[in-house]
Each structure stands twice: as C-alpha cells, then as structure tokens.
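Below you'll find a set of structures to go through.
Presented sequentially are two complexes of chain A, the first with chain B as partner and the second with chain C.
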Partner chain A sequence: MQGRHRDAHVHAGDVHAPDAEMALVLAKENYTRRDPCVNLWVVRADQIHATTRPAAEMFVPATDKSYRFGGSYRQQRRVLQSSYKASYRDEDQ
Partner chain B sequence: MPETTPVVAEDPEALADFTARVRAGEQIEAGEWMPEEYRFEALRLINMHANSEIMGALPEREWIPRAPSLARKMALTAKVQDEVGHGMLLYRVAETLGRSRDEMIAELVAGRARFHNVFHYPAETWADVAIIQVFVDGAAMQTQGALRSCSYAPYSRVLKRICYEEDFHIQLGLDVWRALAEGTPRQRAMLQDALCRWWTPIMHFFGMPDRVSPHTEKMLAWRIKVKSNEELRQQFLRKFVPIILEYGLDVPDPNLRWVEDEQRYVYTEPDWEELRRVGRNGGPKSAERLALRQRFHAQHAWVREAMSRWRAARADGAVA
Partner chain C sequence: MPDARAAIADPAVRAAYREWLLRIADDELVIGHRHSEWTGFGPDIESDVAMSSIAQEELGHGRAWYEQIAADDGGDVDRLAFGRAPREYRHAALLEQENDGWEYSIVRLVLYEAFEVARLRLVAASGHEPAAGLAQTLSREERYHGLFADTWLTRLAGAPDGLERVQAALDRAWPDALGLFESTAADDVLRRAGVLPSSPGALRETWVDTVRPVLEQCGLAVPPSAGAREGGRRGVHTAAFEPLLVQLTEVWKSDPEARW
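Here is the complex of A and B:
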C-alpha cells in the first residue's frame, strides 16, 4: 500500500481471495481502516520470486565497505572548514 | 484438532539448529523447517486466538443497536470490525502452519474448537461494554503485547498491527468507563455491578496458575509463549487495579492487596474448575453464541459459494 502519492509502496500483509479484484476489496477492508492510503497493489503469492534465507550471506560485503558511506569525507570537510585551516589558507595567499 | 502433541522423531541436526536459533532470539519464517511439536503448539495457540477474535466480536455486537449515542455506535462498530479483521489476519497466519481456513471455521461452528473464556459470558448492560473494552482488551493487550517478540515471525508481525488497534479499543473503553464512573449514582452502580460480574472471568483470562498449566515450560522454551500466565496476570493487575481505585470503585476481591516485599498482588484464587468447564464451551453463553455463528455461517454460504464459483469460472475462461 502507498500512504501518499509518490511514496514507495510498502508491504502491509496478505489476504485470501479468489481473484485480484476480490483481493483488492479485502485488502482495502483489512489494511486501510485507519492509516492513510492512496493506492493498493495485490500480487499472487506464487508470483513473488525471492532469495532463500541462507542466501542472506551473499549480501554481506567481502571487504570493508565503509568508503561507500562517505563518513571520512564529511570528517575531512569538517577539518577543512575549521578555523585553523581557514587562517592557514589566509596566510598562504 | 487433536488435543495431544504428535510424537515425531526429528532430524537431530535440524532440531539443534532450530533450537539454537530460537534461543538466540531469532524468528522463524513461514515455510521454514520446524519441529512438528513446534508447529503443533504454535498452530494451537494461533488458531485459538483467531477463533477468539471472531467469537469476541459477538458480545459487543449485541450492543451496536443499543449504543447510547451515534458517536458511541460508530466507534463500537469500528471496534467490532477491527476484531473480525484480526480474525482474518490470524487465520491467514494459522494457514501458513498447515491447516485450511475452511477446516478451522468448520470446527469452530461445530462447537469442537476452543475460544477464549471471556467470550462465553453475557454482556448484560452498557457498562459491560466498558468493562470488555478496558479490562478484557486490556488483559488481551498484556498477552499479545508480550507475544510480539515470539519466535514465529508471521504471528509477531500481525500482533504489531493488532496491538496498535487494541490500544484504540482501550482508549475508547476508558472514555465509556469515565462517562459512567463520573455519572449518576445509577450509572456508577451499573458499572460496579458489571465489574463484579466480570472479575472472575478476567482473573481466569490468563489461564491456570503456572504450576498446573501443562504447556507453559515447553511454550516458553520455544518462545511461543513469552511470559508465564502468572507474570501476565500480575502485569495486568499492576496496570488496571489503579484505574478501579482512581474512580473510587471497589475491587471485587476483598482479599486483593499489594505485597511490597514480593512486588506482587495477592488475590483470592478463582474457581479453576469454572475455567475448565467454560473452556470446553460450557459457559453461560457458549451455546447461544455458537448457534449465532452457525446461523450466519449458513446464511452467508452463498457468498463463499459465489467466490469459489467465480474462481472456477475464471479458470475455465468462461468469464474474462
């Protein structure tokens, strides 16, 4: 279900229905009684292709991937913008 | 459903792996390997919970036409609809453990299944609605809140939604409770009378004392149960006895008192034989409510039939 237009759809739950039209009706009754919703998707459970539970291992990075988070760049920027650096640069010019 | 646990020789390696995962606080997903005994106990619990949601809608449903104002009527209708919705969610979860919904419902309407003790009692006055919404839902909230961290992931997920909605029910009930407790002497007397009649069923709600409850140990080890019956009863009393006292009403048990040293309430032991009898559908309203469920199940057979015929017709290509 989608809470507001342009939000990503989020999985809310499952229903027991003979076809997609009925599944939409039941999903509306069961999952949209309180929280805002602007759009619903239903999909047959057997049409979902998923990785297995042990396959969780394949998402674990083999090496240190901290560079993907950019934490060190933010640290460098802080050093660069510190007053010490600013005065140092001034002197240089 | 058989009453006794099946005895199955499990693959020792798979069993050890499973036990270690549960012990480490992991949750088991639908379709994963699990010991038959675990499947049996989890299914028994969830099936009974599902039955209780749809049977639990009945006592309050009786009060929808008689609610004292339009606002109360709308809120009560929403609450009853929530309970039936919870039944749907829970039957879906029970289905992942290997029983069909048709089979479970058929067993319930035939009077061969169990549902929670509190739903076997009459809702005689509007004050009963307040008691059900505050104390029965409040009691359910202790059990279900704890079970959110149970080991079966699909159950845990639906319990989060259920507790979110139960909280609304308690708020609604407290509002009805407050209106009556701060009302006329007749309204206060009506509330006190309802509280007295419901006290024993509510004390029964959490089940037998831990020493006699046959499944407790195993259920706790599998984390299909998170807290023992007595722990939950004490937790409930700590939260709800103050509400009774705050409004100057009497706790219906003269022996109930807080023991500071032990940090617990002592109370008069309720009649456990009554709980056994009621649990076997021998309560004052069991037969009548089951008959009502049967009547509507038969009356609405055409809806189920229409849905299954529609599916068959689509499979044939008879309709687009």
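Here is the complex of A and C:
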C-alpha cells in the first residue's frame, strides 16, 4: 500500500481471494482502515520470486562494511516521515 | 424551485422533512445492525472484517442523521435512536429481514447500496443544508459498500449452483426492496414545497436503471416491478423487527439516563 502520492508502496499483509479484483476489495477494508492510503497493489503469492532461507548467509558481510551503512540517510527519512505524520494528524482534527 | 429553507418555516413541511430524514436514519440503523450480525460468522476472515466495517459505517451514518434530526427537535440522539416504539420507526422491510445466508445479505447489500447512492445524491442536490452537505460526505463511504457488494455478487452467481441460489435470494428480497420507495403524504408535501427535487417514483426509476445491468450481467433475471411490500415508511413492520429492536436497544434500555 502507498500512504501518499510519491511514497514507495510497502507490504501490508496478505488476503485470501479468488482473483485480483476481489483481493483489492478485501485488502482495502483489511489494511487501510488505520493508516492513510492512496493506492494498493496486490500480487499472487506464487508470483513472488524469493531467495532461499539458507541463502541468508550471502547477506552477511565478511569484513567491516560499516562505512557503507549510511545511517544518516535513514535518520533523515525517519525525521521526514514523523513530521509528515504529525501534519497528517493536524489535518485530521 | 422555491427556496428549501424558506419552505421549511412552514410547520407541515418541516414535519414532512423530519419524516424523510428519519427514514434515512432508521434505514441505516437497522441495516447496520443486521450487517453486524455477520461479525465472527463471515465466509472468510477478510470478508468478515469488511462486512463488520460496513456495519460500523452504516451505524455511524445513522448516528449522523439522528444528530441532525435531534438538533432540530432539541432532543437526545440516543433516545431518538433507541427510545421509540416499533411503530415509530420508518425503515423499509428490506432492512429488517434476517440474514438468510450470505447470498441473501449480499443481494440485499447490492439492492440497498444502489438505492442509498441515488437517495444521497437527491439529498445533496436539494441544496438544503446541513443535510445536503452530510449526504455529500457520506456518499464517499457508500461507494465502497457498493463495490464490495457487486464484487461478491458476481463471484457468487458465477459459482457452481450459485446462480440459482442468488436468484432465489433476489426473488425473496425484491418485493421488500420495492418497499424502499413507498410514498406517504410526507412525499407530496415535500414535492409541493420544492424541498426535494424528485419523488419516490422517480427515485425508483433511477434505482432500477442502476441495478438492472448489475443483475443481468450476472445472468440474473430481474423480478417483476409489481408487488412491493410496503408499510415500513408508515411504521408497519414485519415480524422480524421487534426481536431486532429488543436486541439493538438492550444496553441503552438497561439505563436510559447513563452517559456513555
């Protein structure tokens, strides 16, 4: 689901449905009641290609890569999002 | 068209208008209660949540209309919603019938939502505030209710032996649905005063034009247009209503003076 225009879609959950149209109808009421939403995607679970569980090892660095972490970028995103949420609440009242 | 607000100064027109708003509020309260009976019993957890949510919204809409009526009366909203005798309720028979299977509830939802959208459009177009503004706002939620209903109807009618079951539910619901358009003296008063730019008959034509393609696309036969079950708009209800009202008002009646 997408919280507002130009946000990235984020995974919200799953629904059981016979087809995409019904999945969208059910997802709307099951996942967008508590948070703002402007757009929904649904995809069949069997159409998702995933890495295997044992492959988790390939994501673990063998040497110190902390210089790549870029914590300040994540921090900036958190600040932006929290100020957005505060303004959304203001509009709501 | 005469100015609705000026016309409302006339006590007879004012009473007729109150009667008309009460129909909307009572329809929403009673259908909201029936929908809520699906909570915990829906065919799947997702549809259970969705139907429960629709129930909450209809009850919320009912409350909003009762608030407008009570504000005019100078009375208490809860007393208006829960404190009347059965014959003082103005909803149509369609809304009080028991949930006779999921297909019946879905058919009823399809028929009622199409009506509700047409009626809210009429109220919004009347220009008479604050009802017109409220009608405009509430229409947003009704759109999803209709989408949920139509989507389910298509799936049910397309299932093996589904068409017969949905047709049977439709045949059962249809005379009650026609009762939504029952006309009383209040309708004549409002039309003469120019408060509402339409009549129940015209509203019914709009409604049939909306539901006919939805039903026919599913392979359903639209039942005959005669044989409406009327009475609800005059406070005459079927045997299904009193037990519903007892349950609906049980908590409030345990202590009418309590503040919640």
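What we mean here is this: the second predicted complex is superposed on the first by the 68 of 93 C-alpha atoms of A that agree within 3 Å, B and C clash if a C-alpha of one lies under 4 Å from a C-alpha of the other, contacts with A are read in each partner's own complex, and residues count from 1 in each chain.
Rule of thumb we're sticking to: contacts are C-beta pairs under 8 Å (C-beta built on N, C-alpha and C of every residue); 3 or more make two chains touch, one makes a residue touch a chain.
Keep in mind the model is a prediction, meaning the values are calculated, not measured.
Trainee: Report for A:Leu80: first if it touches chain B alone, second if chain C alone, otherwise both or neither.
Mentor: neither
Trainee: Once chain A of both complexes is superposed, is A:Arg53 in touch with chain B (first), chain C (second), both, or neither?
Mentor: Once the two structures are laid over each other on A, A:Arg53 reaches chain B alone.
Trainee: Output check: A:Ala20 vs chain B and chain C. Expected answer is one of first, second, both, neither. What do you get?
Mentor: Touch status of A:Ala20: no partner.
Trainee: What is the contact status of A:Val38 with respect to chain B (first) and chain C (second): first, second, both, or neither?
Mentor: After superposing on A, A:Val38 lies clear of both chain B and chain C.
Trainee: Counting only touches as set out at the top, which of chain B and chain C does A:Glu29 meet: first, second, both, neither?
Mentor: In the superposition, A:Glu29 touches chain B and chain C alike.
Trainee: Both chain B and chain C touch chain A; at which residues?
Mentor: 15-18, 22, 26, 29-30, 33
Trainee: Within the complex, which stretch of chain A touches chain B?
Mentor: Checking each residue of chain A against chain B gives 13-19, 22, 26, 29-30, 33-34, 53.
Trainee: Would you mind writing out the residues of chain C in touch with chain A in their complex?
Mentor: Residues 44-47, 49-50, 53-54, 144, 147-148, 151-152, 155.
Trainee: In the complex formed with chain C, which residues of chain A make contact?
Mentor: On the chain A side, the touching residues are 15-18, 21-22, 25-26, 28-30, 33.
Trainee: Given the complex with chain A, which residues does chain B contribute to the contact?
Mentor: 29, 32, 78, 81-82, 85, 88-89, 91-92, 95, 101, 157-158, 161, 165, 168, 307-308, 310-311, 314
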